[in-house]
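Labels A, B, C, D and E are assigned to the chains in the order they are written; within every chain, residues are numbered from 1.
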Amino acid sequence: MIRRLIALLVSLYLGYILYSFVYVHFPFGERPLRGVAAHYVENGIKEEGATNIVTSIVTLYRGFDTLGEVTVLFLAATGLGLILAGMKREEEEKPEPTLIMETVTKHLFPLVLLFGSYIFIHGHLTPGGGFPAGVVIATGYFMMFIAQRSFTPSEYLLSATESFAGTLYVIVGLLGLALAFSFLDNVMPLGIPNRVFSAGIIPVIYIIIGFKVGSEMTGILLHLKEA
Amino acid sequence: MNSLILFMALGLSVVLIVGTIIIYLSKDLLVAILGSAVISLIASIFFLILQAPDVAITEAAIGAGLTTGILLYAMKKTGRYEDD
Amino acid sequence: MVSPILVIALTLFLAFSIPLLHMLSKKLPPFVPPLATLINLWILITNIKHVGEGAMLITTAGLKPPIAINLAIDKFSLLFAILIQVIGFLLSIYYLSQERKDMRFYMLFLLNILGASGIVMTGDLFNSFVFLEILEISSFGLVASGKDKKALEGGFKYMMIGAIGSSLYLLGIIVLYLSTGTLNMAHIAKLMPSIPDSVKLFSSILFLIGIGVEVELFPLNAWAPDAYQGAMDEISTQLSSIISKTGIYLAARIFLTIYGGLYATNIIFYLAITTFIVAELAALMQKNVKRMLAYSSVGQMGLLMLILSVFAKRGDVFVLTTAILLALNHAFGKGLLFLSLGSLTGNTRNYDIEDLKGAGRANPVLGFLFATGVLSIIGMPIFFGFWSKISLLISIMKANLMYLLALLLLVFLVELYYYANVIVNLFKGEGKKYRIGVIPVSVMLLFALSLIVFGLWPHPVFKIAQNAAASLMERSMYISSILGGM
Amino acid sequence: MDAGLIFYGSAIFLMVMGVFIAITGRHLIKILLGIDVFDTGLNLLIVSFGYINGGTAPIFSKYPNIFKNVVDPVPQALVLTAIVIGVAEMAMGLAIVMQIKEKFGTCNIAKLKELKW
Amino acid sequence: MAMFLLLLIIGLTGLLAFILGPIKVLRNIISLIGAIGGLLYFVFKIRPGQAYALNIKIYNVHFGTGMSALSIFFGIILLGLFLIFLIASFHEDNDGAYYMFSFFSLLGALGVLFAKDLISFFFFFETMSLFSFLIVLKGNGETSHRSAFKYVMWSAFGAYAFLLGTFLKVNYTHSVMITDISYLGGNIKLWILILLLTPFMVKTALMPFHLWAPGAYTDSKDTYTVFLSGGLSKIGVFGYFIALFNVFSQIAVLYPWLLKVFAYIGAITASLAGIYAFMQDDAKKLLAYSSISQLGYVAVGFGVYSHFSVVAALFHALGHAVFESLLFLVVAGVYYRTKTHDLRKMGGLIKKMPLSFIGLLFGIIATSGIPPTIGFPSKWLLYEAIILKNDLFLVSLVFFASITAFLYSYKLIHSIFLGKLHKEHEHIKEAPFGYGFGIVVLLIPLFVLGTNPGIVVKPIDYIVRFYLKPDLAYNLTNMTTPLGHVNFPAIGITMTLLFTLSFIIYLIFGKSYRAAQEDNYTATEWIDKDFGLHYGGEFYGFMRKAFGKPLTWSFEKILNACLKVVSFLGEIARGFYMGDARVYLFYIILFFAIIVYIMGGKL
């Protein structure tokens, strides 16, 4: 019991220190827009053409991070598959899904997919980009896993789309290197802001990320379901 | 930040605190997982208040949706209650 | 000239393509890692002549540094990048000899190499956080891929500590971003004087913990012995040779280039000494040889951090050259030890000292390899370890910390005690004979040969290390070459 | 009470409680939950750092008129990555937990004592 | 350049011996050529004073390696002994690695002789102890791994003390060369000297540091013990000279008490080791302790620190190399034939191995320092030097030590060669050629240098004259010191005459007659024919009862005490990693809190 108390006290003390430090040095909301952020806001649209500044930062200015991030997800999917490879599958019975569940999910599923693809297509205009879109698609599949009696997408196809999308992403990056001597450069025409076909390679990247994250997360859920 | 939103944020932060205490106390993992889903949801709302829509959608989708899904699957495999 | 960013792009491309290749034919994936590391090695070597004074700037997204992410490769990072690729190549050859593993294992291994070379080359702070995450997740994944009780437990502990450690590292980055406005290492280093003192101190403490976990400093390294012991032998080799060296690079880059060796370094000085002493004393009590090697490598990491902090207190090129010599010796020596230990126990993962009795006599080649590793780590004359130990003692003497020198020699005696105990047990009595393939032995022989050849003629290594150390020392040169008079 | 207290306070409270749960949790999944709460708290703290009074979301949907009082977009971009990394870690952690349950038979971390001393 | 060529020759022969390991004949020939080539090259090509600066710019320090006359003196001893060891070792079945290690240990030893700066001194010193450790590890005894472990630990202890001394010296004098430090202020120079002396005290097995020696000598291969005890211990003596003369020449002026302590340690080592020696029932252990006790004299010689006491010490070192290796060689030959070292199992071998008997006879005569042999001049000079210093207690201690020398030598020759021949030894032949050759070769200097020591005293005096005022007049055959004059051949001849005369009288008038085994009062115990009533075993049983009690206390106890302390610390260190990941996390949080609390002021 005392150990829990000490742990609580110490973490509270740390919380207090962090709060007092943050309160003193970075008062809430008073920080002016400076340095790199100011540059992004002022000429974000001119350089990258996307109205959603955060998206232009995520995909282009700091595109290398997103490449790393996609790798992290890919890593999680493969790691999960590797570690769960040897699990014994005990066959416990799955509760019989009711009729309502089955029919509703059957009709809802395409809508969810549509909504997911809407998000990543309009990534550079409206909030939300490739990642939430992919996850939305995955939750669609997740819904189908739970509700449908037997609905298992072929793992073969999932890992194929996943690696294909990954290689495509790297190729887009290399394209930038080949044409403009700098990896992940925005080589496509920027078009008129606020249009769907604008902001150079941002929509291309988000579409790729959407597919990749979607197939990865579904893969993860599939492995967990079958582990 | 007008005061109405602030007041709502205060209410949500109280729910937040209750949520974490529930996670800490509950022996039943299902309750704990749902508690963490609630926390993610509230965090997503906070992100909205803080004018960060992108992050809000991502947090909602990943935090509330996917993490809870994964955790539930894992809980299915490893037993629902904490065995001492 | 071939832009080094291809190292990361190609490794990633090949990692993504492994599942596709797997669909073509089952036997393809094991050949991807050696191919990838070989290409990377070739790219890096062709770039050696391009890295002149200061750092070579490679931009991404077509924009100048503080705006976009950039790679900053100076001689110091090039040396570590080449070291990572060389050991990665040797290990991937080692994996070829093992029976067909799950293709995902090769993907994880390749991504681990990617994470390590990413950290070593990046010039952006948040980018190093992302690559650090890749490195940590793939390494605790690899540790847990052993799938037996010990591996899973080691993996879980590494994951828990690593998660919290990297989150604090992220908080440190954010604090620096808020006070300087940029995420680029060189730019932050330039703006460092403008940051208030307490912010510098708090962020350096955050970094101390974030990197301390990775570099196994005293209170933060509790995960290390379990992870090393739990993992399979090749994975512990990877942990000790690649991953911990990347941690050292990161510590050097952040504490010396960004902070200019001021804030956290005297805490690190005392921490490093405690790490070294605690680890060596704990190793003394071990009956399990693998855990003993784990503690010994934690101790060596403590020594490396000690040298970095000594440089920060009284900096001169020679001290940093020692740090690089120690890192190289530990990478090759400890890697050889873990690999040969695996084959000596015939991959039965039972590393008790009693069961190892006479194993060196029974299979002499492995006994020779293990003995070379031990003698080089201890610092015996014929081996490379001698030069790194002597230069370690000289640099401490130059900083005239005489009591520290005496203490270190005492602890070296303790280290010799438990290593000699292992060597002596290895070569006495009747042991079991194990059949080992040609490839693993040739990989280990390469490790051993490099130790002996560089032990007899250390001159070339010393010159390379001196160049790399010189480039790390010139902080202002690094900043101006990256920002180009911004 | 000013806005900072709510956001900074709740973020730091989440971090503190997250660490506390991770330290005192007996069940492995409880510990992973603690780490997840800690990450959420950290992300909330980072985004609340980025907030600027009177600023709106950094999305110029009505293109021609670009307005300057915008919230700092960079922390948001960083948090996007941090959330995804958090979930990746969580997935791997759970995979290990499931294997531990199968191999050790229990999820109580006190029983995970194969590697000590 | 000559010095590197020599080291290259020896190194290459070592490697070749290893590569040709399986083909015994070829390997032996190659190693023989290498050893002889090395010896000849050394004798003709190496001249004193040749200085070579090989500057490996590792630490902007250059390894100046030069030759002093002393290094030539010891170099010849080393190479000569190595040749004898090599020839004898062909009879044992050794693999290629054994020869490689022995060549490399020789390389290390020669390197130490040539080193002019402390780091290359350490480099070669470490090489020597590493490869001799590997050879002791390959030894045949079942306890050889324990003694190898002790050997490496003790030599590492010495080496690290040396390293600490070196770096203290470099820190104060900013030069890594072996230069004088007596001008330094304060007693830092005392510390540096003691630290620099430790490895050499370990190497010559002075009392507190001798625990490794008996084990290492007995458990390494018999022939290698010849080189280990005869040759490598000389590096310790060389080290004494370097430490007490080159590094700290004003020691007699500044710290005379240290020299007195050093002399007394030497004397105590000589006597205590002597007592241990005659307690032993294993021939090699007996010789091991005898070697330690003889080296004790050398330490006494250095401790007295007058001109001809140092000459006596160096001469005794040479003598020790000759008669100690002779004794080990004979015991090796006996072991080769009878496959045992145990004195109780031997006896009456005089009829079967006459040459070995003669070898051992003159060996023990030399050990006890009786005139015609090489042992006498150095002992005589030593006594003269001590008496001149009128330190009577030291004289009596050294005198007591030489009594013990006589006791254990007689036990050795009696148990092995005299007495009744055991049944199983009836058929054995004389020791093979290798051992015989070695014995004969060693007997030559035993007598030649015994009767006219001038040959060797001239070079030694030339070396020591440079540092201490010479007060010893000598020519080829006799010496005069302030106390007295001696003519060695004369004394030699009179001693042999007396000896033969008494032997003849014994033969003619001796009352002894040869009694059969049964014609004996055996207190009604029936002794059958082949029970060897040979008084070999409890030879000095009554001595053990008299001295037994104090001797059981040994330095081992101090060692175990400090080992217990270290392992207690290890327990605490180990306790930190208790296995529960939550506690590890708590460590991080606690550490964060403590650091912030300490730095709190500035936050």
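Here, a residue touches a chain if its C-beta (ideal position, glycine included) is under 8 Å from a C-beta of that chain, and two chains touch if they have at least 3 such contacts.
Bear in mind that the values here come from a model prediction, so they are computed numbers and not experimental data.
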- Message: Can you give me the shortest step count from subunit A to subunit C, moving only between touching chains?
- Response: 1
- Message: Which chain has its C-alpha centroid farthest away from the centroid of subunit C?
- Response: E
- Task: Return the chain label for which the distance between chain Cα mean and whole-protein Cα mean is smallest.
- Result: C
- Could you quickly compare A-E and C-E and let me know which has more C-beta contacts? C-E
- Task: Please name the chain that ends up farthest from subunit D once chain centres are defined by their CA atoms averaged.
- Result: E
- Task: Just give me the whole-number Å value for how far the CA centre of subunit B lies from that of subunit D.
- Result: 10
- At what distance in angstrom does the C-alpha mean of subunit C lie from that of subunit B? 38
- Item | Rounded Å distance, subunit A centre to subunit B centre (Cα mean) | 19
- List the centre-to-centre spacing of subunit B and subunit E in whole Å, with centres computed as mean CA coordinates. 77
- Note: subunit D residues in touch with at least two other chains are 3, 7, 9, 13, 19-20, 22-24, 28, 31, 45, 48-49, 51, 53, 55, 57, 59, 74, 76, 80-81, 83-85, 87-89, 91-92, 94-99, 112, 114-117
- Message: At least two partner chains per residue is the criterion; list those residues in subunit B.
- Response: 1, 52-54, 58, 62, 66, 70, 73-74, 77
- Note on the structure: subunit E touches at least 2 other chains through residues 574, 577, 579, 581, 585-586, 589-590, 592, 596, 603
- Query: Pairs of chains that touch, anyone?
  - Reply: A-B, A-C, A-D, A-E, B-D, C-D, C-E, D-E
- Query: For subunit E, which residues count as touching subunit C in their complex?
  - Reply: 56-59, 104, 108, 119, 122-124, 126-127, 130, 137-138, 144-146, 148-149, 152-153, 156-157, 160-161, 163-164, 167-168, 170-171, 566-567, 569-574, 576-577, 579, 581, 583-585, 587-588, 590-592, 595-596, 599, 602-603
- Message: Help me check something: in the complex, which residues belonging to subunit B touch subunit D?
- Response: 1, 6, 9-10, 13, 16-17, 20-21, 23-24, 29, 32-33, 36, 39-40, 43, 46-47, 50-55, 58-59, 62-63, 66-67, 70-71, 73-75, 77-79, 82-84
- Note on the structure: subunit C partner, complex, touching residues on subunit A are 21, 25-26, 31, 34-37, 39-40, 47, 60-65, 67-69, 71-72, 74-76, 78-79, 81-83, 85-86, 156, 159-160, 162-164, 166-167, 170-171, 173-174, 176-177, 180-186
- Note on the structure: subunit A contacts subunit B in the complex at 29, 52, 54-55, 58, 87, 119, 127-129, 131-132, 135-136, 138-139, 142, 217, 220-221, 224-225, 227
- Task: Going by the contact rule at the top, pick out the subunit D residues touching subunit A in the complex.
- Result: 2-4, 7-9, 12-13, 15-16, 19-20, 23-24, 45, 48-49, 51-53, 55, 57-61, 63, 66, 68, 70, 72-74, 76-77, 80-81, 83-85, 87-89, 91-92, 94-96, 98-99, 102
